[in-house]
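Can you read through this structure? Questions will come right after.
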Amino acid sequence: MNTALLVLILALLWAGTTGSFSGLNLLFGGLLGLAAAFLLRDSLSSRRGLRRMGRIIRLLGLFLYELMASAVRVALVVIRPDLKAVVRPAIVAVPLSVTSDAEITLLANLITLTPGTLSIDVSPDRKHLYVHALTMDDREALIADIVNGFEKQVKAVFE
Amino acid sequence: MNTVIFRTLAPVIVATMLVFSVYVCLRGHNEPGGGFIGGLIGAASIGVLGMAWGAEAAKRALKIDPMVLAGCGVVLAGASGLLSVFIGAPFMTSIWLYLDLGETVLPISTPLFFDLGVYLVVFGTLSAIALALEGDDGEETP
Amino acid sequence: MAGLELYIGGTVLLLGAAFTLLASVGVIRLPDLYTRMHAASKAGAVGGGLILLAVALVGQDSAVALRAIIGIVFLLLTTPLGAHLLARASYISGYRPDGATRSDKLDLNSGQNSAT
Amino acid sequence: MSPEQFIDVTSLIALVLLGLALLLSMVRIVIGPTLADRVLALDLLTVVAMGFIGAVAVRTGISLYLDIAIAVALLGFLATVALARYILSRGARAEEAFRDGGA
Amino acid sequence: MAASSSDVTLPVAMIETATPLLAWTIVLPVALALMGAASLLLLRRWPRATLPAAVIVVLAILVCEAALLWQVYTGGPVSMTMGKWLPPFGISLTADLFGAGFALAAALVTLVVLIYAETDRDESDRGDNFHAMVLLLLAGVTGAFLTGDLFNLYVWFEVTLIASFGLLVLGGRPVQLDAAVKYGFLNFLATTLFLLSLGLLYGLLGTLNMADIMRVAPQASPAAMTGVAALLLLAFGMKAAAFPLNAWLPASYHVPPVAVSALFASLLTKVGAYALLRTLVAVLPGSRDVLEPVLVLLAILTLVLAPLGAIAETHLRRAIGFLVIGGIGAVLAGIALPNASGVAGAGLYVFHAMLTMAVLYMVAGLIEKRSGSFDTRQMGGFYAASTPLSILFLGAVLATAGVPPFLGFWPKLLLLQAGAEQGVSGSADTWMATALVVALLVNAVLTLIAGTRLWAHIFWRQGNEGASEHDALALLPLDRRGRLGLAMSVALALVVGAAGLWPNPMMAGARDGASDMLNPARYVAATGLAGDEP
Amino acid sequence: MDYILAALVGLFITAGVYLLLSRSVIRMLLGMTIFGNGVNLLIFTAGRVMREIPPIVPPGLDTPDGAIANPLPQALILTAIVIGFSMFAFLLVLAFRAYQSLDADNTDAMRLAEPERAPQPPLSY
Amino acid sequence: MGPQSRWAASGFGWHNGQFPQKSALASPVLLERGAPFVKVRLGIVAKGLGLDTQTSIALAALAPFVAAVLAPAIHHLLGRLSGYVLALVPLGIFYVLLGFVDTIAAGNSVSVAIGWVPAYGLDLSFHLDGLSLVFALTISGIGALIVLYSGAYLAGHRHQGRFFAFILAFMGAMLGLVLADSLLALFLFWELTSVTSFLLIGFDHARQAARRAAIQALVITNIGGMALLAGAVLVHQLTGSWEMSAVRAMGQGLQEHALYGVVLALFVVAAFTKSAQVPLHFWLPNAMEAPTPVSAFLHSATMVQAGVYLLARMTPVLGGTTVWTMLLVGFGAVTLLWGALAAIKQTDLKQMLAQTTLASLGLLVLLIGLGSTYAIAAMMIYFVAHALYKAALFMVVGAIDHETGTRDITALGGLADKMPVSFIGAALAALSMVGLPLTVGYFAKEEMYLGVMGGDWQLIATLVVLVAGNALLAGVALLVMIRPFLGETVPTPKSAHEAPVAMLAGPILLGGLGVVAGVMPDGVGVLVAEPGGAAILGETVKTHLTLVLDIASPLLWLSALTWALGILVYRQADTMRTLLRRVDHKLGWNADKVFDAAMFGLIRFAGAVTRVLHHGRLELYLVAVFAAMGLALFVPMLTLNGLAWMSLPEELGQWSNKVGLGSLRIYEWGVVVLAVAGLVAVLLSRTRLVAILSLGVQGAALALIFLLFGAPDLAFTQLMVEVLAVVILTFVMTRLRLDDRDPRPFEDLARDGMLALFCGLGVALLLMQVLSGTLDTRLSDLFTATSVPIAHGHNIVNVILVDYRGFDTLGEISVVMGAGLAILALLRRRKKVDAAGKAAP
C-alpha cells in the first residue's frame, strides 16, 4: 500500500462518508489522507502495493461465506444443551509459509473470524501460528484446512 | 502489545480513526458530533498508535508537541471569538462567510474555527496525556 | 415492492440482534476463556456487522450506507485483532485453557510483555 | 404489515434481544471467574452496545446514530487493547490472577 | 460574497446596537488570560520568554480591569452578553464594584506573585508550564468574578480548580501528592455539588442568568429554593473553606512552592466567598434570610476555631493557612448580617484578604528560605537579622488581626457596625448579631495571639525552640532572586499599607458595591433585563 | 418517567457517596465518577425528559416540526462531562503518582501533609 | 481631590456650634451640658489664628511618626548625638502645645477635623481642651527627657535606632490618643500604643521573659482595645456621632438608654486593662522587662494613663451613676492597696516603682469614680505630680542600675556620695511622692482628702483607704530615696559613679518641676486642675489651693497621719515584706500565673481542637461534607413543608402515574436495569478491576438512557468518555498492585451506607419536588427558533455549545488544556525527583 493509494482511498472514503463527492470535498479528503500519511510515514515505506483485484474479491467472498458459516456454527453450538460434549478445544501450532507482516496479519485475522478457530499468536521466529480450535477432531486435518484454504489465497493476493 | 499483527494493523486503524475524528468534528454543527468528540477519537487513535508502536515512535510520528497543539486550539477558539470586535458586536458573536466556489457554496464561520479549536485542544491534550503515561517507565517504586 | 429495503433491513436487524444475543449466551455457557472468545469474536462481529448493515439498508442514504460499510470493515478488522491480543495476553499471563484442551506447546515471547 | 410497522416490530424485538444480551454480558463481567473473562465480556458488551445504538437508529429512523455506533466500535477496540495490556501486566503472578478472579 | 448573519432577524433574540470598544474591558481580562496561558505553551522552544510574556499579559489585563473598574465606579455596573444574544439567552458578563474590584486585586496579586516566584525557581524549573498555569488560574478567577451567569460561574470554578491542581503538584514532592489528594477530592466534590444545585435551579427556574434568577426566584417553591440555596451554601462554603468544610485548606496550602501558596491564599477561597456573597446576598436574598441562622453559626465557628489552628501550628505556612480561614469567617459574618455595612464589610474584607494574605505568604516564603526550615520551632533570629522582613511580617500579621490603620481594620469596623445596627434594632436578630460581634472580637484577639507567638518565635527569639538565649541561629543570605522576591513583597505591602492609610476610595467602593448587591436594580438594568417583569 | 429517572439519580448519588467514603483512592475515584454521572442525569431529568426526538432540526427546515428534547440541559451536561472527565483524568494520575510516592492507596495511611503525630505547639513565648 | 479639611476652634466668637450629626440621634433627647463650643470654618481660623493652629496640631500629630521613621537613619548618621537631636521633636511639640495654654485656661477648646473616610462620614478629628492639653503637655515634656535619657542609657546598643523609632512612635500614638476627638481615632491611637509598647517591652527580645511580658501586655490591652472598639461602635450607633465632643455635648442621655450598661462595661473593661486595675494588673509589673527609659515613660505619663484618660474623657457621658461610682471606686481602692502592698513586697527598685504605679492608677480611677469637683481636681493634680515623680524616680533607678549593675535595695547603700546629683533628683521626686508641702504631691493629697471629707460611711471608708494607700506609698518613696543612697556603702557589681548628664537632666528637671509646682498653688490650680476639671465635668471648676498650713483643718491632720504611717511603713518595711511574702507563698498563685495557665491552656486547647478537627483523614473530612449535604437537603424540605406535594390527594393519581412501571418501555427498563446492575456491581465488587468494568457498564447504560431520551450528543460523548475513563483507569492500574479489599470495618460500612442513602434519598426527593412544578422553557424555545435561521446550525445542542453558550465551552476547553498541564506537571517531576534520588546515594 503506497502513499498515493492511501491518499486516494481516504479521499474517496471521505467523500463517501460525508455524502458529497464534490471536487472540494474530495480535495479535502485528499488533504486528510496526506495528513494521515504524514503521521504514518514510517510504516508506509516498506509496503508493497496490492494487486490483483480479482483475487482480493475472491478472498473476500470466501471470507464472508466462511464468516457467516462460522457465526452460525458458534451460534448452534452455544444453544445446544449438551454443550460440554460438543466442545473439544485444542491449541495447535500451524506452520506458516507466508513471511511478510501483512500476510501473517491478514491470515491471522481471517483465521480468527472463520469457523472454530482463533489465532492466539505468532511464534517469535514467525514460523508458526498458534491457533485455538473450538472443536478439533483431527489435528492434521485442521492444519491442512488452514494451509490450503486461507494461506494459499493470501499468498495469491500478495504475490 | 508489541505483536506483528497489531503493529501491522495499527496504521490502518489509526488512519480510519483520524479521518473519522475529523469527520465527526466538522459535521457537529448540524448533526451529533463536534470538536470534543472528534478530538477524543483523534486522541484515541494516538493512544492506539502509542500502544502498538510505543510512545517514542508515536511522538516521532506526531512531530509537534501535542500540548502545543492544545495551546493553538485555545488560541484559535479565543481568536475566533475576538473577531467580532471588527463588526462591532460582543465577544463570540458568530460571523458567517459564504465562499461561492461555483460548484458549491462553502460556508466559513467563526463557530467552525471555534469547533476546530476545541478539536485541537482535546486532541492535543489527551494525546499528550496518553503519550506521557505511555512513556512513563511505569514500574512502580518498590 | 415499496419498502423492500425496509423489510430486508428489519430482518437483518433481527438476525444481527439474534447473533449478538447468542454471542452473549456463548460467553455465558462456554467452558473456558478461549472457547468463549470464539463466541464473542465471531458471533459478536457478525451480529454487530449485521446490525450496521441493517442501518445501511434502512437509512436510504448512500453516505450512511457507505459509513455503515466502513464501520463493518472496521469491526471485522479490529474484532480478531482484539481477540488475538486478549488471547495472547491471557495465555502469557497464565490463564490456562480448560483441562479438556489438547494443546501444542506454545512458545510465546513473553519478553514482550512489558507494558510499553 | 406496512414496512414502517415491520421496522417497528422488528426493532422492538431487536432492542429486547440486545437488552438481554447487555444483561448477559453484564453477568459474565460480574461472575468472571477470571480477569480475562470479564475483559472478554466487556469487549462483547461494547459490541452489543454498538448494536443497541444501531437498533435505536433503525427504530427512530435517525440514521445519524450510526456514527455513534461506529465510534463505540472504535473506542471499544481501544478498551480491549488496554485491558489486554492490563492482563499482561498482571499475569506473571499466577496466584494474584487467581485471587483477582475472586475464586 | 460575504453575508452577515442576519438573513432572518428576530428582534427578541439579538442585541441590535453596536458594542463600543470600551465594553470589551469586561471580557478581555478573561480572554487575554486564557489565550495568554495557551500562547505560553507555544513558547516551548524559548522557555526564558514565558515570564516576560506572562507579565505583559497580566499588565494588559490590569489595564483593562482598571478601565473596567473606572467605568463601574463612575457609571454603575457594566455588562456584556456574549454572541450578541439578548440576556438571558446568551452568557452575560456583568461587573459591579465587587466583581471588578476583586478582579483587579486578583490581577495585581498575580503580577506580583509571577515575579516573586522567581525567588525559588531555577533553570531546572524551566518548561514546567508554571506561568501558563498561573495565567489559567487568573483566567478562572477573573471569569468567576466577572460573570453574570451561574453556569458560567461553574465553568470558571473548574478552570480555577484545574489550574490550582497543576500548581499544587508542581515539584512533585510526596507531601504535595498527599495534599493534592485531599485538596483534589474535596474541591472537585464541591464543584460537583455546585453543579448539582445548578441542575436543580435550572429545573426550578428555567434560567441561569443571575439577573434573571433574581427576578424569577421569588415565584418558585420556597422549600425547594431553600434546599437549592442550602446546597449552594454547602458548595461555596467548601470552596471558601468555611468551618466545618475547611479541612482541605490546612491540608494543602503549605505544600506547594511558596508563590503558589500566596496565589492560592489570595485567590481561591476568595472566589468561594465571592460566590457566596453573589448568590446568597444578591441573587437569592429570600433564601439567604431563611438560612441566616446557619450562616451565623458557620461564621461564628469559623471565626473562633480558625485562629486556634494558627495558634496550634508549628508549620509556618500551615499556621498562616488557618489565618486565611479566619478571614473567611469575617466574610461569612458579613453575609450573615445583611445590612449595607455588613455586605460592604464582607466585600472589603475579601479585597483586604486578597492582598494581605498574599503578602503574608510571600514573607513566609522568604523566612523559610532564609531559615532553611518551615518549622517555627526551628526558626529564630530574624528580628536582629532583617529589618525589612520584620516590618513586613509584623505589618501583615497586624493587618490580619485587623489592627488599625492597616487595611484589615476597615472591613472589621464595617462588620462591627453592621452588628451594632442589627443588634440595636431590637429585632429577633439581636442575639445573633451580638454573638457575631463577640465572635469577631474574639477572632481578633486570637489572631493577634497567634500572630505575636509567631513573631516572638521567629523574630524575637534568637535561636530555635529550647536553645539558650545566647545561641543565635545563623540565617542563610538572600541571593539576587531572593532580593527580587523581597522587593515584590515590599511592593505589595506598600499597596496594602497605602490602602489602609487612605481607605476612602475602597470604603466608598465597598459602600456602593454593597448597595448594588442589596438593591440589584442597577445590576439588573446593566444586563438589559430591566422592565421585563416575568 | 422522570420520577423513575429521579429515583435512578438518587441511586447514582447513593452509590457515589458510598464509594467516596471508602478510603481507597481508586474506589473513591469511581465514586466521584458515579456521583458526577448522577449529577449529569439530574440535570437531564431536571430539564424534563422526552422520548427519542433529538434537538436536531431536520435538513431543509428552519425549525423542528414538532416537540423536541430540551437542548439546553444537554449542552450543559456536555460541558460538565468534559470537565468531569478532565478532573477525573487528573485525579487518576494523581492517585497513581501518590501510590508510587507514598506507597499507599488508603487515605488512612496518607498522612504526610497532616502527620498523625503532629508536634504539639510549644508552651513558650 | 485631597482630604477635605474642616477646622473648628472655639472661643473665637463666631456662632454656636450645632452638631450636624446630632439630629440623627437614635436615643432619647440628650441634654446639652457641654463646655461652650464654637465651630469656625477654615478660612476664619486662618484669618484669626493665622496658620498656627493648623500647623501646630498637624505638627503634634505627625511629627513623632515622621521622626520615628527617620530615627534609625538619624541614629546611623549622628550616633551618640542622635538622642539630643531627636529629643528636639517632643520638645518642639511641648513648646507648641504651651502656646495653647492661654486659650485653654480661658475655658475654650480647639477642634480640628481632617476628612478621612468621607464615604462613611469619618474624620480624623482632634479636640484640645483642658484635659487633653494637660495630658499632651505631660506626655511631650516627659517624652523629650526620655528620649534624651535613652540616648545615653542605650548608647552603643545595636538597635538604638530602632528603639528611638519605637519610642517616638509610641509617644506620637499617646499624643494622638489624648488629642483625638473621634472615638475611632482614639481607638486607632489606643491600638497603636499597644503595638508600640509591645515592641518596647519586648525590646530585650532575646530573653523569654521580655517576650512573655510583651505578649502579655499586648494581649491584655488588646482585649481592652476590642472592648473599646465595640464600645465606640455602639456609641456611634446610639448617638450617630463618632466625635466625643459631640457625644459629650449630648450630655447624659446615654445613661437612660437600655444599652447603657453594655456601653459602660465595654469602656470600663477597656480602661481597666490599659490602666491595669486589679485583677487585670499583672501585665504592668512584667512590663518592667522593657529598658528603663521605657518603664519611666510607660508608667508615668503614658500607656497606663490612657485608661485613666479614657475614663475621665467619658465621665460626662457615662459618669455619675451609682454603678459607675461603685465600679471605679471599688476597683480603684483595691488596686491602690494591692499595688502599694505589692511594692513593699519587692526589693527590686524597678519592681517597687512598678507596683506603686498600680497603686497610683487605682488612686486615679478611684478619684474619677468619686467624680466630685475636688476629686476631679485632685485627679488632675495627682496625674501631673505622679507623672513627674514617677518618671524621675525611674530614671534615677535606671541610672543606679546602669552605674552599679544592680537595683536591689538590699544590695545597695551609700550611693549619695558617688551619685550626688542622682540623689538630689531622687529626693525631690520621692518627697513629692510622700506628699510633703512645697511639692506638687502635697496639693494632690490635700485635694483628694477634701474630696472625701464629711460624708457617709462609704466616703469614710474611702478616706481610710486613701490614707492607708498614701501612707504605704509614702513608705515606699522613703525606701526608694533612702535605702540606696544613704547609710553604709555596699559594694556593687560595678563600681559606682555619677551618670552622664543626659541621664541626670530628667530626674533633676522633673523633680525640680515638682517642687516649683509645689510653691505655685495658683499655677497648678489654673493650669492643671481647673481646665482639666472643666473639661471633665463640663462646668467651671474653681480650686483653692494654698500653701498655708491650717492647724485647724482636719486635712492637715490627715496628712500628718499619712506621713507618720509612711515613716512607720518605712521602718517596718522588712517585717512587712517577710509577712507579705509568706502570705504570697501560702496563696501559691497569682494573676500572673493565671495568665500563664490561661495562655498555655489556650495553646493546649488550640492544639487539641486542631488535632481533632484537622486529623488528616480524608474519609472523615468527606463524612463531614456528606453529613452537611444530607442536612442541606432534608432540613429545608422538612421544615418548610417541602414534601407537601407528595401527599396532595389530587396529585396522588398523577404521582402514581409518574412512578408507574408502565411509564417506561420494556427496553428502556432494560437499560435502567443495566445501570442499576452496573452500580450494584461496582458497590459489591470484591476486586478493583470488576469495579472498573462495572463502572464502564453503568456509564454505558447512562449513555443509552441519554440516547433513548433524545440526546444523541450526550450519549455519544458519555460513551466515548466512559470508555476512555476505563482505558486510562486500566492504564494506571497496570502499574499499580493494590490491595483489593474494601478497607472499611463493618461499622464504617454501615455508617457510610446510611450516609449515602441519606444523601441519595435527599437528592431524589428534592429533584422530584423540582419536577412537580413546570419548567420555564423560554431559553430552549428561543434556541430552537433561532438555531437554524440565525446561528446556521441544525444541531441545536452544538449551536448552544459554540454560539449561545460558547463562552462556557471556551472555559471548558481551558479546563481540558489545564488538565493536560496538571497531569504533565505530575508526571514531569517524577524524572527529576528520581534523578535526584539516584544521584544522592
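Going by the order they are written in, the chains are A, B, C, D, E, F and G; count residues from 1 in each one.
Here is the rule we use: a residue touches a chain if its C-beta (ideal position, glycine included) is under 8 Å from a C-beta of that chain, and two chains touch if they have at least 3 such contacts.
Which chain is which protein? Per UniProt: A = Na(+)/H(+) antiporter subunit E; B = Na(+)/H(+) antiporter subunit B; C = Na(+)/H(+) antiporter subunit G; D = Na(+)/H(+) antiporter subunit F; E = Na(+)/H(+) antiporter subunit D; F = Na(+)/H(+) antiporter subunit C; G = Na(+)/H(+) antiporter subunit A.
Treat the numbers as computed from the prediction; the structure is a model and nothing was measured.
Peer 1: What chains touch chain E and also chain F?
Peer 2: B, G
Peer 1: Quick check on the contact network: minimum steps from chain C to chain F?
Peer 2: Graph distance in the chain contact network comes out at 2.
Peer 1: Going by the touch criterion at the top, tell me which pair is linked by more C-beta contacts: F-G or D-F.
Peer 2: Between D-F and F-G, contacts are more numerous in F-G.
Peer 1: Quick one: point me to the chain whose Cα centre is farthest from that of chain F.
Peer 2: Result for the farthest chain: G.
Peer 1: Mind having a look at which chain is the central one, using mean CA positions?
Peer 2: Given all protein C-alpha atoms shown, the central chain works out to be E.
Peer 1: So what's the Cα centroid distance for chain A and chain F, whole Å?
Peer 2: One centre to the other, that is 41 Å.
Peer 1: For chain E and chain G, let me know how many angstrom lie between their CA-based centres, rounded off.
Peer 2: That gives a centre separation of 26 Å.
Peer 1: Where the centres are mean C-alpha positions, what is the separation of chain B from chain G, in Å?
Peer 2: 60
Peer 1: In whole angstrom, what separates the CA-based centres of chain D and chain G?
Peer 2: Result: the chain centres lie 70 Å from each other.
Peer 1: Mind pulling the residue numbers of chain F that touch at least two other chains?
Peer 2: Within chain F, the residues that touch at least two other chains are 20, 42, 45-48, 52, 54, 56, 59, 62, 72, 76, 78-79, 82-84, 86-87, 89-90, 93-95, 97, 99-101, 107, 110-111, 113-114, 118, 120-121, 124-125.
Peer 1: Which chain B residues touch at least two other chains?
Peer 2: Residues 1, 3, 5-6, 9, 13, 16, 20, 30-33, 36-37, 41, 44, 47, 67, 70-71, 73-74, 78, 81, 91-92, 94, 96, 122, 129, 133, 138-140 of chain B touch two or more partner chains.
Peer 1: What are the residue numbers in chain C that touch two or more other chains?
Peer 2: Within chain C, the residues that touch at least two other chains are 18, 23, 25, 37, 45, 47, 61, 64, 67, 70, 74, 77-79, 81, 84-85, 88, 115.
Peer 1: Could you list each pair of chains that touch one another?
Peer 2: A-B, A-C, B-C, B-D, B-E, B-F, B-G, C-D, D-F, D-G, E-F, E-G, F-G
Peer 1: Provide the residue numbers of chain B that touch chain D in the complex, in ascending order.
Peer 2: 1, 6, 13, 16-17, 20, 24, 31-33, 37, 41, 44, 47-48, 51
Peer 1: Which stretch or stretches of chain F touch chain B in the complex?
Peer 2: Residues 54, 56, 59, 78, 82, 89, 93, 99-101, 103.
Peer 1: Where on chain B is chain C touching in the complex?
Peer 2: For this pair, the touching residues of chain B are 1-3, 5-6, 9, 12-13, 16, 54-55, 134, 138-139.
Peer 1: Okay, in this complex, where on chain B does chain G touch?
Peer 2: Within the complex, chain B touches chain G at residues 28-37, 40-41, 44, 47, 67, 70-71, 73-74, 77-78, 81, 91-92, 94, 96, 107, 109, 111, 114-115, 117-118, 121-122, 124-126, 128-130, 132-133, 136, 138-140.
Peer 1: For chain E, which residues are in contact with chain G within the complex?
Peer 2: Checking each residue of chain E against chain G gives 5-10, 12-14, 31, 34, 37-38, 41, 82-83, 85, 88-91, 93, 124, 128-129, 132-133, 136, 139-140, 143, 151-152, 155-156, 158-159, 162-163, 165-167, 169-173, 177, 181-182, 185-186, 189, 193, 196, 200, 203-208, 216, 220-224, 226-231, 233-234, 237-238, 243-245, 247-248, 250-251, 290, 305, 308-309, 311-313, 322, 383-384, 387, 398, 403-405, 409-410, 413, 416-417, 419-421, 424, 437, 441, 444-445, 448-449, 452-453, 456, 459-462, 469-470, 503-504, 507-508, 511.
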